[in-house]
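In the two complexes below, chain A is the common chain; its partner is chain B in one and chain C in the other.
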Partner chain A sequence: MGKAISAIAVILLLNACRFNTNDKKILPIYGNRQPVTKTVNGATVTDTIYQTIPQFKFINQYGDSISNKSLNGDIYVADFFFTTCPSICPIMHRNMLDVYNAFKNTPDVKIISHTIDPKHDSVAVLKKYADKLGITGNTWWFLQGKKEDTYKLSESYLVRKPQEDAKQVFIHDGSFLLIDKQKRIRGSYDGTDPKQVSQLIEDIKTLRSYPDEIKVK
Partner chain B sequence: MKKVITAALMCLVLLGCSDNKTQEKALLDSVIKIHDKVMGNDDRLMHNKMKLDTLLKTKLTGVPDTAAAKAMLMGLNIQLTDAEDAMEKWMGKFDPDQKGKSHQDIMNYFSVQKTQITTIDSAMNAAITASNKYLDQLKK
Partner chain C sequence: MKLKIIIGLGLVCIAFIISCQSDDQLEFNRYYSNGRTIYQSKCQNCHGAKGEGLLALIPPLTDSVYLKSHKDSLACIIKYGLSKPISVSGRSFEGQMPVNDLPSVEIASALTYITNSFGNKMGTITSQQVDSDLSGCR
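Let's look at the complex of A and B:
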């Protein structure tokens, strides 16, 4: 009996430790940062300004105008795709469905997928594409607008800027980007890898557990 | 004996089908591989196009304000836009599923698509190289 009680106590202790570790998990903040010195109550303090996603305005699959303000107070996942993509996009969005299903009833979590082929991917085409995936409501928006605007915005999401000599693929590399309520990049995941997408789901849960310390204008 | 022959024939047919599918998949994969390379280059194309657009709209240091310089910029921009349009048209038309088509039709279709996307890849590379050369000159 004593052994049984000891075993239960050890299990409870281990679970408690695991819970605490999860609670303390801090997700990194990606991108450039700038130290800013200011005076608060007569004392000089140094604050850090992090890179954030700039303003944007696009149209979603319902024909509604969606801007950065539409995502105020939300944690969101962003990616880039096009509906006729025969290679990685179908795999990415099959995996993104897991994110959608995990959070479709969670009001402060959204997904935005930017098309990089707006000439073909009209609002009607995006709606048909969303319907085919079984997407309803306002958790997952498929966005279209000027191609130049989408590419400019992608520079902020992808952190890296293209170098002429770099042998890397940028906008079409299948990344899912996790953005916090302060519009900062908190994670980058390979959208074609189910394990990384599972990690993304866990990281969204972690992010949701953080206090909203900074209000976004 | 008759049963053995029938079974052997069925195996041959099945093996033939499987071989056809393997050939179709290999050819499709080679088309997709070029497509993905083209999509990677599209990023560079768009960034160069945006830089040239800015140069056309604003007077910047290093760009002579002459008709010849403007024509040069516009020519490079058109070359990039044409390559981009060709790629977008191809993407809109390409059908990787090819449902209900015969093996030969599928192989012919993918072969034609491979030629087309290879041509687009070359045009895109040429447009990016030319615009890179021009933009690099401005940096000096």
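Let's look at the complex of A and C:
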């Protein structure tokens, strides 16, 4: 019995040490990947191509045209919502406000919220919604465009495709997705859970500290 | 021996006082604790864990003046939702509140919880009260 306890104590101690030396966290890279073999200077090199967010083009709450290029050089958080959503959207954006407040003065961090109900959520409606949340400047964009385009794009973020039931009520899963400067998915968080959103804020800080994040494709 | 009897009688008296006081208190506690569960599942996403609302988007439930002056229509607001703009704490809110077609007893529980939390203290709102308020919904 005594031996077992001291064995456990030793294991715990070892783990504690390992934990301390490993404080630089590496965020995973999500999605499909394929190896690509090419010849560089006569040597065969295998590289990995990661899944990235494809091109898109939408309009933001100011009426400006926003494409994937508008986010070049930025780490960003994406989500899907609609302004009249009675269920999980208010709590998602209550939590997203924490992300906004943490990074509103950080020029290379952005938030984009795609409306999945563009018929109701016009540019004017999105502007009003942003105003009511106290959002100013260009840190948090509310984007609208063709519904098919938004639905198609949502697939590449690994979020469940939004669905319409008979009552035209949209169901979506409330995920916040973290995208790095190379447009790769680095995290997926439950936007309705304040703890996971705090983790997201920490992970954005971690991602910003990576040296390879300075490179922009 | 005598002391034990006195203590015993004392305990019985205390038990009596607690149980007498509590018919009303028991009813309140029942409504209030059920109401908390209903609030968490039906109201909290929008109105917040502390009834704080969401900035200019969703009104707070911390304004005891609004709740007191609209006491008779609170049940109607829960059951049939709200589409007209309202003014709470001097601020205007115009979003829609969705319909929550709950049984009267659940509306009463939610209201008892709301009107006795977040700085409000309005006592029990019973299921009978809700029934009577609902008959006057416009």
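The working rule: the second predicted complex is superposed on the first by the 175 of 217 C-alpha atoms of A that agree within 3 Å, B and C clash if a C-alpha of one lies under 4 Å from a C-alpha of the other, contacts with A are read in each partner's own complex, and residues count from 1 in each chain.
Everything that follows uses one rule, which is that a residue touches a chain if its C-beta (ideal position, glycine included) is under 8 Å from a C-beta of that chain, and two chains touch if they have at least 3 such contacts.
Quick caveat: nothing in here was measured; it's all calculated off a predicted structure.
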Query raised in the report: Which partner does A:Lys119 contact after superposing on A: first (chain B), second (chain C), both, neither?
Result: first
Request  = Please work out whether A:Val77 is in contact with chain B alone, chain C alone, both, or neither, and reply first, second, both or neither.
outcome  = neither
Who does A:Ser87 touch here: chain B (first), chain C (second), both, or neither? both
Chosen between chain B and chain C, the partner touching more chain A residues is B
| Once the shared chain is lined up, is A:Lys147 touching chain B (first), chain C (second), both, or neither of them? | first
Is A:Ile204 touching anything from chain B or chain C once the two structures are fitted on A? First, second, both or neither. neither
Note to self: One more residue to check, A:Asp131. First (chain B), second (chain C), both or neither?
What the structure shows: second
- Item | Touched partner set for A:Ile111, first chain B, second chain C, both or neither | neither
So the chain A residues that chain B and chain C both touch are 84, 86-88
Per the touch rule, the chain B residues reaching chain A in their complex are 32, 35-36, 39-40, 42-44, 46-47, 49-50, 53, 88, 91-92, 94, 96, 132, 136
Note: in the complex, chain A contacts chain C through residues 84, 86-88, 90-91, 93-94, 129, 131-134, 192
Counting only contacts in the complex, chain A reaches chain B at residues 82, 84-88, 116-117, 119-120, 147-148, 151-152, 154, 162, 164, 168-173
Given the complex, residues on chain C that touch chain A span 44-46, 48, 54-58, 95-96, 98
